[in-house]
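Chain naming follows the written order as A, B and C, and within any one chain the residues start at number 1.
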Amino acid sequence: MSSGPRTYRLGEIVARLGGELAGNQDPEISRIATLESAGPGDLSFVSNPRYLKQLGATRASAVILARGQREATRLPRILCDDPYAYYARAAQLLNPDTRPVPGVHPQAVVDPGAQVAASATVGPFCHVGRGAQLGERVVLAPGCVIGEEVQIGEDGRLGPSVTVYARSVIGKRALIHAGVVIGADGFGIAPQAGRWIKIPQTGRVVIGDDVEVGANTTIDRGALDDTVIEDGVKLDNQIQIAHNVRVGAHTAIAAFAGVAGSARIGKHCLIGGAARIMGHIEIVDGVTVTATSFVTKSIRTAGTYTAVLPAEPAREWAKTIANLRSLGRLPRRVSEGETRKKPGGRKGKR
Amino acid sequence: MSSGPRTYRLGEIVARLGGELAGNQDPEISRIATLESAGPGDLSFVSNPRYLKQLGATRASAVILARGQREATRLPRILCDDPYAYYARAAQLLNPDTRPVPGVHPQAVVDPGAQVAASATVGPFCHVGRGAQLGERVVLAPGCVIGEEVQIGEDGRLGPSVTVYARSVIGKRALIHAGVVIGADGFGIAPQAGRWIKIPQTGRVVIGDDVEVGANTTIDRGALDDTVIEDGVKLDNQIQIAHNVRVGAHTAIAAFAGVAGSARIGKHCLIGGAARIMGHIEIVDGVTVTATSFVTKSIRTAGTYTAVLPAEPAREWAKTIANLRSLGRLPRRVSEGETRKKPGGRKGKR
Amino acid sequence: MSSGPRTYRLGEIVARLGGELAGNQDPEISRIATLESAGPGDLSFVSNPRYLKQLGATRASAVILARGQREATRLPRILCDDPYAYYARAAQLLNPDTRPVPGVHPQAVVDPGAQVAASATVGPFCHVGRGAQLGERVVLAPGCVIGEEVQIGEDGRLGPSVTVYARSVIGKRALIHAGVVIGADGFGIAPQAGRWIKIPQTGRVVIGDDVEVGANTTIDRGALDDTVIEDGVKLDNQIQIAHNVRVGAHTAIAAFAGVAGSARIGKHCLIGGAARIMGHIEIVDGVTVTATSFVTKSIRTAGTYTAVLPAEPAREWAKTIANLRSLGRLPRRVSEGETRKKPGGRKGKR
């Protein structure tokens, strides 16, 4: 989504977002930048103390620092409890969403039985099906396909070529990026006599408020009951959420993660990139799964779970894998050793 | 795809689908539901005996059971050999596909040299190229792009924004979900003097009858020969099928699985989610590959193949990985042990 | 992209592409084919010596061979240094790109403030935003959405339903396949009081010349600085490139590979399918990462890196994993063995 930048005095930013202003000047700020690439008019930040050493060389007009780092620079600065969160809010302030002109583009097709708020924007080449409801200020970028009886809450924004299948429900303030598919059939097939019978997928996808969904992610509709994404969930690109999954509120899931059918993930979880969650298991609140790890059974206790195998130089790995393969023989050799070690050193019976 | 539900007496269902009716009533059934969420008018089922205990509490009007479970409830019930397959067929009966009105939408673009059956439906914002052939009752949802000389057999249904590149062939009764890309170039590049030369991909994608393809899956065209998906194959979401792959009939592949170039997968295989198949290998009929496993060489014998590393609490995993890394030293220590263990306990020669 | 084949005499091919003609005939060649599927009029090739044995049975009219294989057949033949690269160039010669008619389709929407070269082609259902620039001979297949101020260099070709978000820059001769999303927001969120604050993603995607991007791949815009794909990079299908990544020139990345935020990959690297690169690390030039391997820390030395676990029959794997799990106990048992091995064979102190 494009955005139109504005400028603010540093003091205005503090007046709006809190924190403490330090330094003798009140420079005009037009954008946020990293310490390394910042120039005049830029506000930068240090969220990780190891970057403090870059403060001396930065050309930023001002910086955001933790309260304890007051003396780390003489630049105009904002002192706050959490510089990273402050940076996020300052960036929102400096990059407000531009709102497109409301209305339905003449080259969109909206079924007469759909309800589109007057403040909503429907781009060209969108199709909105019968009974669909688009709330106040909803924006559909070009090429979206909204199925029958879909509901999209106020301030929802869909990127180009998003598909929302029939009867899906999306809450308020959704941000759905290009190519996302919501509500396609789950993978429901039953074997019979060497062939597959399709199981109609009659559940829905129900998405709460304040959910972001990354480009080309897919969320399948439920087989009988619904697939549910609770409030505040953040999904990165190319994630697969299978039918009847539930993702708890404020959980964040990184790119390529896959959640198999009927799995339930708790609230406030962090699921790393390319992590896999087995079907029909349950993960409690507050669990972190590291990138690439495969969760094969339910997790009942909050904490971090992993099975990462770091890549090694091929020669090192060849030894590791050879040893792993030979493990089947190892215990026997050790046992033989123990047997032979009998008093007197003679080989014992086996 | 949306569907319009109908109602049936339980006896009507048995008359159509077989099985044995038990119980004194013949309730009217309007939908299928799980034991837990069912209410009046719902038909439920027990395909896994561990759910039998939920029978006492269900509010379903009737249930589908295995023949041996006749006495598990007094509810009106259908007894059959395979409750899961019966459920699938009953769900199909209760959720018949609704057929859109035939015809080409005025906001679609169909090349004059394309052949579109009069019974086919082409949605708005579809483009159908020269020489393409759409069979009887084919349905294109909005935004599909059908390349030149593509063939789609009768009763094929494509979801929104599906791309089918030139000369691809799709058999009868295909069900292709949103965002699928069929027939894009395979990844064919040849190194020369530090740069890559593109190898034109001149083969096709040829897909048999009764194939389902999940949302955002990609199937590349062959480099010289064709990429082939045989009859009855079921592909889940976000799968990648590379150039010149062959997938045998009635094989099912779960989400995120990837099949590299020129691999051949047999018939009636089950490939788990996020499984990877190396290029240029062959897998015989009847092989199961578990989720996340990587098949690196040909499989000549039917059976189950795996390399799953289950995630563990991070502290446990740290020990495992440290031990794995130290394996290179272990055998030596064991050997030293064996050497030292010589009769009399003195250290032997090495 | 469709292509119109031409025919050439074998001698004409040599005149254009180099190499040495051998054999007494100068057949007319219409296409390239594998040794196995070739027929009259086909040119085949042997890039791997193990296929030399198929030469006797091929029905090809001519073959491309390495110089040392002059005597391997009596067929008309081209002798050259690198038969695979020669095949690539011969295939390009025989399958020239057909250029669509220039112009903007009447059912496209191009903002009056966009600049579209007269030689460019904009297909139906494309949307080109304000300030976008499409260079000479750029081709947009149907359904592409080009955001505001996007630049696409000359001879770029975009497949169907490609999305390019605002301000992205794409160099010359790009080939972008269907469903690709360039410039969607990176996954930038900051935790605050149990919720996530969105971090506006204000950087761009900048792509060099001669880059190919496979179907449904996603490349996110930078958070503050840009995401950069250098010249000559080749990306396969369904790859995820996160915000602020840099991919060095002439690096090739296979399907499903994922590169996390701010990682830097060098030039002339090969990244295998489904490989994962951790965020904020650096990989030098000339590194190969094998398929499915996870690079968790910076790589400072060129070479091959891996952590492949090949799938095994389930019974074998069960032993391996049980042994891996028991590794935590193994060293202790070995130590006990060493302790017990004291001279005289009696159990020592611990």
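Operating definition for what follows: contacts are C-beta pairs under 8 Å (C-beta built on N, C-alpha and C of every residue); 3 or more make two chains touch, one makes a residue touch a chain.
Bear in mind that the values here come from a model prediction, so they are computed numbers and not experimental data.
Colleague: Moving only from a chain to one it touches, give the least number of moves from chain A to chain C.
Modeller: 1
Colleague: Does the chain B and chain C pair touch with the same residues on each side or with different residues, judged by whether over half of the numbers are shared?
Modeller: Mostly different residues form this interface, as fewer than half of the numbers used are common to both chains.
Colleague: Hey, how far is the Cα centre of chain B from the one of chain C, in Å?
Modeller: Spacing between the chain centres: roughly 25 Å.
Colleague: Give me the residue numbers in chain C that touch at least two other chains, ranges are fine.
Modeller: 107, 125, 143, 161, 179, 216, 238, 256, 308-309, 324, 327, 330, 334, 337, 341, 344-345
Colleague: Going by the contact rule set out above, which residues of chain B touch chain C in the complex?
Modeller: Residues 107, 109, 125, 127, 143, 145, 147-149, 161, 163, 165-167, 179, 181, 184-185, 187-192, 194-200, 202, 216, 218, 220, 224-225, 238, 240, 242, 256, 258, 260, 276, 278, 289-290, 293-297, 301, 303-309, 319-320, 323-324, 326-327, 330, 333-334, 336-337, 340-341, 344-346 of chain B touch chain C in their complex.
Colleague: Using the touch definition from the top, list the residues of chain A that touch chain C in their complex.
Modeller: Spelled out, the residues of chain A in touch with chain C are 1-3, 31-34, 37, 82, 84-85, 87-89, 91-92, 94-95, 105, 107, 123-125, 141-143, 159-161, 175, 177-179, 210, 212, 214-216, 232, 234, 236-238, 250, 252, 254-256, 268, 273-274, 291-292, 308-314, 317, 321, 324-325, 327-328, 330-331, 334, 337-338, 341-345.
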